[in-house]
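Consider the two complexes below, in which chain A is the common component and chain B and chain C are the respective partners.
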Partner chain A sequence: MSFETATVRRSASTGFAARTFATYGQEFIILACIVVLFVAVGLIAPRFISPTNLTTIFVGNAYIAVAAIGMSMVIISGHIDVSVGSLIGVLATISGTLAVSGYPVWFAWLAPVIVGMVVTSFIGVLVAYVRIPSIVVTLGMLSILKGGLISVTGGAWITNLPPDYLIAQFRLFGIPSPVWFMIFLTAVAAMFMRYTAFGRSIYAIGGNGEAARVAGIPVERTTVTIFAIHGLFAGIAAVLFATQLQVIQSTVPPNLELTVITASVVGGVSILGGTGTVVGSTLAAILFAAIGSSLIFLNVSAYWLRAVQGLLILATVLADMARRHRIG
Partner chain B sequence: MTATPASSAETAPPLVELRNTSKTFSGIKVLKNVGFDVRPGEVHALLGENGAGKSTLIKILSGFHTPDEGGEIRVNGRPVSFSSPRDARKAGIATVYQELLLFPDMTVAENIFIGHAPRAGMGALDWNEMRRRARALLDDLDSHDLDVDARVGGLSVANRQRVEIAKALSQDARLLIMDEPTASLADADVRRLLDVVRRLRERGVAIIYISHRMPEIFALADRVTVLRDGALIGTKDIEEVDDASLVSMMVGRSIDQLFPKVVVPIGAPVLELRKVSFKDEVQDISLTLRAGEILGIAGLVGSGRTELALTIFGITPATSGEILLNGRPVTIRSPQQARDLGIAYVPEDRGLQGLVKPQTIRENVSMALLDRISKGSIVDRVKESALARDAIARFGIRARGPEQRAGQLSGGNQQKVVLAKWVSTNPKVLIMDEPTRGIDVGAKSEIHALMCKLAGEGLAVIMISSELPEVLGMSDRIMVMNGGRMVRTFDRSEATPDVVGAAMTHAGASHAGGAA
Partner chain C sequence: MTLSLRSFMRHEAVLGILLVLVLFVLAQQSDKFFTTANILNQGRLMTEIGLIALPMTFVIITGGIDLSVGSILGLCAILLGVFWQNLGLPLPAAMALAVCVGALAGLVNGLIITRFKVPPLIATLATLALYRGLAEGISQARSVRGYPEWFFVLGQGEVLGVPTQLWILIVFAIGAAAILGLTTFGRATYAVGANETAARFSGINVDRTKLLIYTASGLVSGIAAVIFVSRVSTTRSDMGTGVELDVITAVVLGGTSIFGGRGTIIGTVIGLILVQALKNGLALSGVKGDGTIVVIGVVLIFAILASNLFSRNGDG
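Showing the complex of A and B:
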C-alpha cells in the first residue's frame, strides 16, 4: 500500500482522485448507491435500518456475495459458470444430509467444499484442456446437477438439523457469522487477486490469453485452478446457505446463478474478462440484497427486483463497453 | 492480345481515379497524396512492400476507409464519396480478399448471391433463378466443373476464389481488386487464374492486381504502380520497366541513413538449430546464432519465417531436428520452457500475442517474470514498479507513468512495452517478429537503436521483417526463407536490395514461373 501512495505522489496531485476513481470507479459508485439507498429508504421507513432488518438482509444474502467472489475470478479469467446455483443447491443438500445422518458437523461443513472443488475442477478441465466453451460446459452441468438433485431428493425438506451445525446462526461480537465470512473472504480474495503472482495471471489470461501464454503463463493449469477456487467459494456459500434456517429444502434456489453473475458484473467485473475486483462484486451483492428488502418496505412487488437487476446489468455492461473503447 | 486492349484503353477516361489521396490513422500518415487511376479493360498491378500503403489504398477504393480531406475519388470522371463498402459495391467496385470472406456452410450459389439474391415475390428467394445465374457466371469463368450446390467449406482454395470472383461479377463489378490472389495457389491453379483475369480484361473489366510475384506481373499487367512508405513512387507502362527497376522502386535506396547500424563484436554461438522442422511449415532449418549478432530473416508472407520463430519459442514445438543452447541440446515444448531457457519472443502481432491491453504498463512489463520478482507467491511491488519505471526510462516509453493502461499507448509505445517485458527477463536470445510493423518512423528508428544496443550487450537477436530495407539495414547476416525452407544466406557485405529481393521474389516466383 505504501508503494501505491509513493507512485501516486509522483504523478500530478490532481491525478490521485482521477486514477483511484478510474481503478475503483465501479466500487465507489456501488458504495454510493448503497449509502443513498439506506438513507433514503431509512427516512421513508425507519424500520428498514433497524438491526433486525439489517441482520435479515446480511444473513440471508452473504452467501451470494461469497459465491460471487469465485464467480468474479472465473469471469475475470474470461470464462463463466452458469451452473453455480445448481451446484450450491446440491452442495447444501449434501451438507444437510450428512449433518442429519450423524456425521460430525465439521465433516458436514467440509464435504460440500471438497465436492464443490471436484465438480468445478472437472468443469475447468473440460474448458481448459478439451477447449469446450465454459458457457456450454456449465449449461450442461446446470441441467445435470439440477435434474439429478430433484430426481434423488424429490425436493424434500431436510429437518432436525443439529443446532451446532447451524454455523450461519453463530454470532461473534454480536455480528452474525455470515457477515464475518463475507468480509473476511472478500478481503483475503482481494489481496490474493492484487498481490499474488497467481492473481495477476488471472487478469492476464482474461485480458489476453494468447499474450499470457506467450509470456510463459501456464494458461490451462491456471484455468483449472481458477475453477477449483471458484468451487471452494461455492462450497462455503452452500454451507452458509444450508445453515441459515432450521431446515433445508433440497432444491435449487431459483435464479441463484443469475443473481451471482449479476453481482459480479454489476460489481465491475468485465464480462469480456481482464478487469474487475471481488470488492466490487461483494458490494453489488449487498446492494441487491438491500434493494430486495427495500422493495418490501416500500410495498413494491418483489418481482421488480429482477427487473432492477436486469437494468443494472445492462447499464454496467454498456459502461464497460465504453471504457473498453477508450482503452482500445 | 495483351497489348491491344491496353492501347485502346489509353484514350478512354479512367474508370476509377484517386486524386491527391491521403489517409491518417491516429496521427500517422500511412498514405501520402497519392494519385492513382485505372482504366476499363486494364490490369493495373499495384506493388510495394508490406506497409507501403497498398492495403490502405484498396480499402479506400472499396469503401472501408474514408480518405483524409482534400482527396478525391472519381468514378467515370464524376466525383463520388464512399461512406461504406456498400457504396463502393454500388459503384461497381468489388474486392477479392486474400483471406476469402465466404460462408463455409452455404452452397456456392448462396455465397455468390448473398445479399442480393433473386426474389420470387413475397420476399422468398428464387432458388432456381439463383442456381441458373450462378451456373452461368461460373461457366463464364470457365469453371464448368464447379457445382453450384456444393458446400463452400469443402472446396479447394482455388475454387473458393472462383466463387469470390463470380460473386463480384454477379454484382456487375466493373473494377475488380485482387489482393495477392495467387499467394496460396498451386501452379496449375495459378495458370487458370491468370486465364480468368485475361478473360475479364477482354470483357472490359478493370483489374487492380496486387502480387509479390514478378513473373505474374509481367505476364498480366498493362501498367504498374509502386508505393513506398505511403507515397507514390511512380506509375509506368509495363514495357518501360524490368525486374530490377521494379525492385529498386519498391525498396528505395536510402537504407544507410535510415538504419544507423552499430557494428558490435560477435561472440560465441548461443543458439544452434540442426535440421529443425515443424510439420511441413518449417523444413530442415539449420542455423547458428552468435552473441551480439543480429540475424535477419527475410521472405514473403507465408514463407515460414514466423513459423520458425514459433517453433524455436515452443509454441509449435519442433517435430524433428535438434536445438542447442550454449552448445547443450535442449527440448523446448512450451513458451514457458523457452522463456526459462532464456529465449524471448516479441510476437508479430502485439495486439494478439504481446500486450494485455486492460492491464497497466507495470503489470505488462512484469508478466514474463512474475515468479522471479515474487517472494513466496506475493509479487514484490517495489521491485515490480522499479522495473516498470526502469523500462519507461530505458526504452523511452512515452506514458503518464507505470500505472497507465497499456491499451491507451500509441502503437510504437505499446511495442516498446512488449520489448521491455522480454528484455526484463534477461534473455540470451531475442526473437523479434516484425518489430516495427505499423509504427511511425520516429519510433521505428528508436526501436532499431534499441536493437543495436541490446546486441552490443551480447544478446543474440533474430529479426523477422517484411521490410527489406529494415532487414538489410539492421542485420549482420540475412537468411532468406521460402516454402518453409532456407533459400540462401547473405553476409551483410554481400546483401544488396537487388540480390536479396531477387532471392525472395524469384524463389517465390519459381512456383508461378511455370504459369507465366
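Showing the complex of A and C:
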C-alpha cells in the first residue's frame, strides 16, 4: 500500500525540488530538527557545541547508527530483528575476549563480524525457508543470546584491552574513526540500496513479496542475504561499541534493540516495509544522541530522557502517518 | 472454519504432550518439583505475566501486538506509590487510580492504532519508551516502601491455602476464555484478525473492538502492577522491564498465530505453565537463571517450528 502511494506521489510531482522532497521528506525534516536543536541548545549552553561534546556525542553513538543501517534493510524488506541488542552484546564480548587472549588484533575485529553474519543468516533461513515470523524467531534469539551470554560470562568486565585494538579511539584528520565508519558505511549502503539491482529488490520484497516473486526475484535467497548483511553491520557496530572505552562489560546493553529500531523507524523506514533510506536512519540516530546530550546541558534530569525519546518517536510516527493519509 | 479449528486443536495437543513430557523430565531431576508448596509458589510467581497474557491473546488474535505492557506495569506501580505516599490518598483509592491510569494508557495505544492507523508494533514501541520514560521521570529513581500490612494480602497472602493472586488469575482466565469462546465480541476478535476488511463489511465495528482490547490490555497491566507491588513490597521504576517478551512468548507458545485470526485462552494458559515449569524446573536442577532464558528461547522457536510443520503436512 505505502509502496504504491510512494510511486504515485513520485510520478505526480514534476519539479526537481518537489520530487526530491517527496523522496527524502523525512530525511529533510530530521536534518532540520538536528540543525535547530544544535543552534538552540548551543545558544543557551555554548559548551554543547564545543568540539569535546560533539566528539562525545558522535563517538558514543556512531555504533547505533551503523547497526541501524542493517536494521533498516531488514525492516524495509518487511521483517524485524528484536535480538540485535543481545547480538551486539555477544559479539562485543567475543571480540574483547579474543583481543585479551592474545589473538592478533585484526582477528578480534573480524571474528565478531563473521559470527554476526552466521547468526543472522541462521535467523534469515528460519524466516525465509521455514516461514517462522521474524518477530518470533528474533524474540527467541534474544532470549538465547542474552541468557547464553550472561550464563557464560556472568557479566564480568573485560579489562587490559591492548591499545592497538581500540579502533574506535583512532583518529583520521583529527576526526574519530567511528564518525568515518558511520559516514562511509551510510554512504555505501545508501548507494547500494538505490543503484544496485539487489538494493532495489529489498524494496520490492518489502513492498509486495508476491509481486517481487512474480517479477523473478528469488525472495527466499534475497531475504537470507539481507539478514546476513544486517549481521555484517551488527558485527561492525559491536567492534565500535567494544573499543570505545578501555573496558567492556560482557552484558547486553539495555534497550539497545529498541534504540536501533527506533532510529530506523524515525528515520523514515516504514514498518510496513517497502520504503525508507539508511540516510534517514543515520540522521535519526544522531538526533537521538544529540537530544540525550542536550538534556544534560539544559539541566533536565536524565531520568526524563526516555520520556522525551518516546514523545519524539510518537510525534514522528504520527506526522508520517498524517502525511501518508493526506497524499493517499 | 472447522479446518482452522482442527489445526489449532492440533497445536494444543502438541503443546499438551510437550508439557507432560517437560513436567515428567523435570520431576525426575528434583524431588522438590512436584510438591504442593512449590507448585503454589510458582503460581504466585507467574500471576503477573499470566494476567497480562490474557488480553495479549486477544491483541495478537486481532493481528496486533502490545509491546508497552511492561512499561504500563512500571508506570502504574510508580503512580501507586506516588498517589499513596506523595499525594496522601488512601491506599484503596491509589490502587484504583493506578489501575485507571493503566486503562488510560491502553486507551491511548488503541487510539493511536485505530485513529491514526499506526501499525501496533510501532505504536506500542513508541509508548513503551514513553510510559517507561514517564515512570522514570516521575520516580526520579526513588523507591516507595512501607505499605500497610493488609496490602500484602494481595501478593503474599493466601485464601483457602492458595495464593490470593492465583485466584485472581483463575477468575480472569475463565472470564477471558468465556468472552473469547462464547460471545459475539470473541467472534468479532477472530474476524478482525482473520480478515479485517471482511470483518468491516460484515458490520463489525473493527475500531471499537480494537479500542476495547487495547484498553483492556492496559487495564490488566495496571492490575498486574498492583499485585506486583504487593508481592515485592516495594515500588521501583524499572518494574516489569522485559515483561512483554515473557508474555508474548507464553501467548505465541500457546498457539496464537502472530498473523492473527487464530488462538485460544487455554493455549495461552498451557504456554504460560510450560514457561514457568521450565524456569522453575531448570532452576531446581541447578541451571542458573540465565541458562533458563536460553531454554525458553529455544522452546519458543521449536514450538512454532513444530506447529508449522504439522499444520502444513496436515491441512496443506
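Side notes on the structure shown:
Quick note on the criterion: the second predicted complex is superposed on the first by the 304 of 328 C-alpha atoms of A that agree within 3 Å, B and C clash if a C-alpha of one lies under 4 Å from a C-alpha of the other, contacts with A are read in each partner's own complex, and residues count from 1 in each chain.
Here is the rule we go by: a contact is a pair of C-beta atoms (placed from the backbone, for glycine too) under 8 Å apart; a residue touches a chain by one contact, two chains touch by 3 or more.
Predicted model, so just to flag it, every value in this text is computed and none were measured.
Judged by the touch definition given at the top, the superposed model places A:S121 against neither chain B nor chain C.
In the superposed model, more residues of chain A are touched by C than by the other of chain B and chain C. Looking at the shared chain after the overlay, A:G310 reaches chain C, while chain B stays out of its contact range.
By the touch criterion defined above, A:A211 reaches chain B but does not reach chain C. Of the two partner chains placed around the shared chain by superposition, chain C is the only one that A:V137 touches, whereas chain B remains out of contact. In the superposition on the C-alpha atoms of chain A, no part of chain A is touched by chain B in one complex and by chain C in the other. Taken in their complex, chain A has these residues touching chain B: 3-4, 7, 10-11, 15, 19, 195-198, 200-201, 203-204, 207-208, 210-218, 270, 274-275, 324, 326-328. Within the complex formed with chain A, the chain C residues making contact are 65, 112, 116-119, 121-123, 125-134, 136-137, 139-141, 237, 245, 248-249, 252, 258-259, 288, 290-298, 300-301, 304-305, 308.
Residues 80, 126, 130-133, 135-137, 139-144, 146-151, 258, 261-262, 265, 271-272, 301, 303-311, 313-314, 317-318, 321-322, 325 of chain A are the ones touching chain C in the complex. On chain B, the positions that touch chain A within their shared complex are 313, 315, 334-336, 338-340, 345, 347, 352-359, 363, 366-368, 370-371, 374, 377-379, 381-382, 385, 400-403, 405, 407-408, 421.
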